[in-house]
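What follows are several structures.
Here come two complexes built around chain A, the first alongside chain B, the second alongside chain C.
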Partner chain A sequence: MSRSNWLKTTAMTAALAGAVFASGTAAAENFKVGYAGGFTGYLAPYDQPSLKGVQLAIDEINAAGGIGGTMPIELIVKDTRSDTAQAAVVAQELVDDGVSVMIVSCDVDPAVASGVIAQAAEIPSVSSCASTPTLPAAVGPYMFSNYTADNLQATVLASYAREQGLENAYVLLSRDTPYTEKLPEYFAEVFAAMGGNVVAVGEFTIGQQDFSAEVTNIKGLDPQPDVIMTAAYEPDFPAFLKQLRAAGITAQVLGSDGIDSPTTFGLGDVAEGVVFSNAGFPSEGSPLAAYEAAYEAKYGEPNDTVFTATGYDAMLVIAAAVEAAGSTDGAAIRDAWDNLENVQVATGTMTYKGQNRVPVRVVALNQVSGGERVHVGDFTPDPSQIPAP
Partner chain B sequence: MDVVVQQTVNALALGGTYALLALGLAMVFSVLGLINFAHGELMTVTGYAMYFVLTAGLPFEIAVLVGIVAAIATAMLMERVAFRPVRNAGTATMLLTSFAVSTILHMLFQNLISARPKALPVPDWMIGALNIAGFDIGVIQLMSISATALLLFALTVFLRRSTLGIAMRAASLDFPVTRLMGINANMVISTAFAISGLLAGVAGVLWLAQRGSVDPLMGFLPVLKAFIAVVLGGLGSLSGAVLGGFTLAFIEVALRAFLPDDWLPFRESIALALVILLLLVRPEGLLGRKEAIR
Partner chain C sequence: MSHIDGQTGKSGRGTAGFVASGTLAGSALLFVPIAIFSLVAWQTFGSAPQGTVTHFLIITIAVLGFSVFTGNTGVVSFGHAAFMGLAAHITGVLTMPVAQKGVFLPDLPPWLAGVEMNFLLAGLIALVIVTVIAFVIGIPIARLGGASASIATLGLLIIVYGVIVGARDYTRGSQALIGVPKTVDIPVALIFLGVAILLARIFRDSLPGLELRAMREDEPAARAIGVNVQGRRLLAWTVSAAIAALAGVLLAHFLGVYSPKEFYFQITFAILVMLIAGGMTSVSGAVVGAVLVTVLIDVLRGVEENINANWFSEPTVFGLTDIGLSLAILAVLFWRRDGLFGFWEIEELWGGWRRWFGLRAPSEVAPSQASRIDQGGALKIENVAKAFGGLRAVDGANLELRPGEIVGLIGPNGSGKTTLLGCISGALDLTAGKVVLDGTDISDLPAHRIARRRVGRTFQNIRLFAHLTVIENVKAALAASGTRLAPGAMDARARALLNELGIASYAPRRAGTLAYGLQRRLEIARALALEPRYLLLDEPAAGMNETESDELLGILGHLRESRGLGLLVVDHDLRLIMRLCDRVVVLNRGQVIAEGVPGEVQANPDVIEAYLGKRRAATRTTSAPPLGD
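What follows is the complex of A and B.
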């Protein structure tokens, strides 16, 4: 046998063995879900909690026998190291592993990199917490969003500001990420459409420790803003807020879900009265409160971010789509997913039907009061008010 | 005019923290020829040390003390564990080692402590502002300016008056000859790292007081700014690092304060372009010596 023939034979034997192995797993009817996330690097603060939520959901589903009571879920987790190129490599590895659905990173760039690989393989994929509403359209019909979209949150915040009688807004954005740029822009758009006046738009750089120049500029504005909105999060939001309050500016500050973190509640007096939006409030007896209890029971520590709950939600949605499809075929799951309505998840309900793969879900408003979280209310904005992405 | 004075105060406060960090980088560079990119992680260590002390219910002042001591200890440990074994292997090896140390620390923080930021509550008295002659100056800003002034003064006295300080200045000029004079190299290098740890610790406390939380990757950006400041000031020059820090802060604050709105998206690019322009005029940095370029 020549060397090349020997190589071919070996390769074929290996392929056959692989096929036998694969059919062996299929006999056990495991449903394979791949997770290409940034579990180290800059996405770890979002993808690690999402993974915890996904695992909790899988534990619960498998304890009940799996999807539809018959098909246990097998999770294959691969780390992208928060690197966009690596996100594509890892996604291809998951496709080769034969996953039926893929969960991808919280940030848009790696989510697109992984998503296009899944799209090409006709495997549905979902970003656990990317909130840019244009993400699914950018990738194709097999990509879904899971998290509260930026334009949805911005609309709820702007409506709230107008309902409170606030007239003059200052908006602080950063072009470093779509989230920190687009969310305030959507806010400004809706705020102006509702008759408010956007006095000025400021800019910052993520990680800039000093906001004194911006604060001095705000002090010089005429008219003085009575509401200041930003999608900045740690470390920028606390630094900005402290310097703002130190300069004696008392305008209402509105933030988005990025500041839903223990840091915000540890800021003391300066954070008093800050209102921010997020994916849900765990009021007494709500599914989210039940989720938080289950989380604490599994991990032995209280849940400190909503990203675990939205990861849990994503897994429940996947299970609902597979159950509705009655099949593990990618196209069938995709179609069923696109028609899901009122799926009960930890943060409330989610509807994909007629939404171009960006789900409608509730937006909760919270207020910081005495270092505690107070529920302002749950809002589902009128679709006509939501700005086009 | 008022706005100009106010923004000058702002730039002084920001320049203080840049200067402290840049000086830490420059201390180590002057004796080892190494830009320690793990320098920012010393701030992170300060943050986590403070977090654990505060979680244990001890007062903030003790947390600050422990945080700074932790940064000094980590800096010296870094030198002993990571840099001493490769000291004679060339600057490229040491540079890569510093990146490795930085990455390893990131992973340790993320996986052993938490990938999510940890809250670091700051006492309320630090948050307010004083009004001096009609100008607002934040308590943290004031602390930043005074801490920088105090540390610069103390460091100058140390470098000019003490034997070890004089040895360090000599080492920054010509290390081999300094060693021939009977100066213990390990002692000088270890001290340089200890001082850089102290400076990073103080800068860390000031930055942490602003941001209110500590997270695994927080050290990366400040060290980048400090690196720019060191290059701008002149590699190998300690006073240059300080001047570079303040210059960078003045450029940044001026651009953020006075650029027209349409130009704001380009402020970072303009700031770096100005730095490059300065370097074109003075390739060795503001206070650099030609022979310091190795």
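What follows is the complex of A and C.
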């Protein structure tokens, strides 16, 4: 090791040590937002993109002087390592750090673990991308959802199917995760409520690969289903779809945002015509297209997942709630948040008023056509049609 | 004269007060520092670090649960998180407030829907249920050893996870149980950690624990000293499952919200990492591994957060914790392959005080191990045959050994000597014929049952319990043979046996570190712990020089004189055989070709032919020089 290298190393080590013992000294007027996310571990594919979106939103807000033009946002990020016990510890640390709002993980267990800590401290919290609609009710009045709820997506899919004149549905679900179980169940509920006929409900195990039993079962149904809905994703969805089409079943297939991945578009003919929901489509001139451009400008690479946009949305909603409250008091922010209507965000608009803290937001429908994504339309369902969680 | 005759079986064995001073000292050395730290944390820390401490205490209990099975049996378990999950879900459904149940578990049967217990009662019920389930599941798993047992535990984890997810009415399926009372704080977790440490140490140091550790080192040798391997494994499995279930109950009431995936691979590997870092095979290793990993994670986490806050606010850097932890574990394993504690317990390293006590020879105790055996009965081998596929390694051999007699068994390489010993000791099943001990046919008994009928053996390739101390090797055999003594008397008895073989001064050494000749002697001492009437020695002088084999000759002769036991000695050292034995039996191609007093056998043309080949034999018979000179 050369002398200059040695000096550099020493300086780095000293600086690191200093960093360890230095305490954060932030200006008093900053608005502190804490993010207790799973940035390593199984939640990293969701919480890391969400964080990028949150940081982009904060950059834009702070560039304009902060919330309301006067209150810059300071973000404190802590990694839960996707561990439920750590999620509670980290949330408590954020409370101790004096955050006014907390963003928590994408999965229900750690989100609840963090949320109950924030609830006890009367600090509003929001899960960046958990889609289980029961989450806010499970924690209490200070907990909010952000991401498109399972029952919301299901409602849009069911309405679409009915509008297309589809009468007989087959629903395939897996009880392995709440997402793969509840979303198809909500679909079946709405589809039936709109006058459709749910012919049968099939079950699979995540990763089972062989769907011959289910496909045979579908072939034997009377009446034959003209729409098949599932919330399965890779590797189950491609396997199921191939075996379904190989058996000569041509019914319309509906999927959810779990299949919004390059794999689906690379499946070729079998995927042709599949319709799936997600949180937004960046059509030309839309806010989402503008967001995508801003994202690429900041990070130097195109956005590759919708979770960055929904993270961005969450931060905009927080800013809107604080601005509406005109205060940094937890209870005031909570009340203002609960009454937000038509907040303009990257993916469209979001409304919390009258929704028990689970927002109504735009659901986009997309169709696979020639290996490309074709925008079917953006839908904001009538709240009365959304099934109770 | 306090041995129990092997034939009375295992009833009422090995329960005499086994909380030795080392057990208590070792438990205290682990528990007291943790307790002091935790109580200070409880009084002075904020609630966030208190959460970290409580979680650490609970996870340490879980690590102890894994360790009681893995450490004592040597079988790595991937399955104990299943018991944690079962216990957590049972206590969860029993303690959840009735109102919450209406929301989250609407399909509960009425008798459960109205139940709302306090966590101690619910935890106890969960513990009992899970322990019973573990016992039943353990019956087949205890039959397995090594990798197949590990795979079975992995299967168990997956199956139990599936069952918990599948029992949706009781568990909400894959969704989280929410609203379980959060009643566990530092004092509660600390009390149970104390219980768990003490339980784990008592088990490890108990006679069944010693037998298990002997089995972990060498299963055939353990069977040969009378260890009921399956029974002991099942015991360890059940005790460890109970400790894991305790951790599951505490974790449930610490988290308050959890789903089945909380008790799946992630926690299993987190716990195994702690166990590997600290040392798989000792209780101290389990506890210190948990401390080490927890401290590392928290320090690294602090570093990572400060780097993010003060250095690289964007892009935020994550993963330092995982990377740092991985490097630290690699470093530990690089320098200490068996983990920080290796095979030691903390008090064994603590200033060596225990060794000092250990070395104080028990001058006042002269146990009556050298009881002479009545001279009746005999060990008879009748037409015994053993085939390995088409090869008949032993082919209708007959042999008789009486107490007080030394019989030499010789023969060229591959003549079936060791196979015959295996057949007698129960290590091998007979293809034909029978082995009769004092008029009883023992041909079909498993090795450990034959050992308890006081037939001891040593092995051609030394099979000591290498990571146990010299004295523990003997104590394991005393324990397995059903000797029921207080810890002090047990030590004295073991020491007397070592003394008889002239190796008492090596008592606290690891058996694997002894010189070759001493290891041979220890193997004999261990076999003598069974109070054998018959002792089968497979090449006791192999690898010894002339002085060593002379000393051995003296020891064996003394054993015959003082104890009157029957010795069957296999050896290639013909000088030793000829000087030691009353009779010599010669085996060739699995059959007895000659038998008689040494002089006769030495001159037998068939024997010379078997050893030297036909032509050489023909030229040598005329002059008949003694073999083996």
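In this section, the second predicted complex is superposed on the first by the 361 of 389 C-alpha atoms of A that agree within 3 Å, B and C clash if a C-alpha of one lies under 4 Å from a C-alpha of the other, contacts with A are read in each partner's own complex, and residues count from 1 in each chain.
Methods note: a contact is a pair of C-beta atoms (placed from the backbone, for glycine too) under 8 Å apart; a residue touches a chain by one contact, two chains touch by 3 or more.
If you're wondering where the values come from, they're calculated on a predicted model, not measured in any experiment.
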First, second, both or neither for A:193, with chain B first and chain C second: neither
State whether A:76 touches chain B only (first), chain C only (second), both chains, or neither. second
According to the stated criteria, A:116 is in contact with first (chain B), second (chain C), both, or neither; which is it? second
Partner chain in contact with A:108 - chain B first, chain C second, else both or neither: second
Now for A:268: first (chain B), second (chain C), both, or neither, which partner does it touch? first
Of the two partner chains, chain B (first) and chain C (second), which one does A:48 touch, if any: first, second, both, or neither? both
In the superposed arrangement, which partner chain does A:220 touch: chain B (first), chain C (second), both, or neither? first
Would you check which partner chain A:210 touches, where first means chain B only, second means chain C only, and both and neither mean what they say? first
Counting only touches as set out at the top, which of chain B and chain C does A:175 meet: first, second, both, neither? both
Show me the chain A residues, by the header's touch rule, that chain B contacts in one structure and chain C contacts in the other. 39-42, 44, 48, 175
Which part of chain A faces chain B closely enough to touch in the complex? 39-42, 44-45, 48-49, 175, 200-203, 205, 207, 209-210, 212-214, 216-217, 220, 234-236, 238-239, 242-243, 245-248, 261-263, 265-270, 304-305
Within their complex, state which residues of chain A touch chain C. 15-16, 19-22, 24, 39-42, 44, 48, 51, 55, 76-79, 81-86, 88-90, 92-93, 95-96, 108-109, 112-113, 116, 132, 137-138, 175-178, 181
If you look only at chain C, which of its residues touch chain A in the complex? 46-49, 51-52, 55, 103-104, 165-166, 168, 173-176, 178-179, 251, 254-259, 261-262, 266, 301-311, 314, 316, 318-319, 321-322
In their shared complex, at which residues does chain B touch chain A? 3, 6-7, 9-10, 13-14, 17, 106-107, 110-111, 115-122, 124, 127-129, 136, 138-141, 207, 210-213, 215-218, 221-222, 249, 252-253, 256-257, 261, 264-265, 267-268
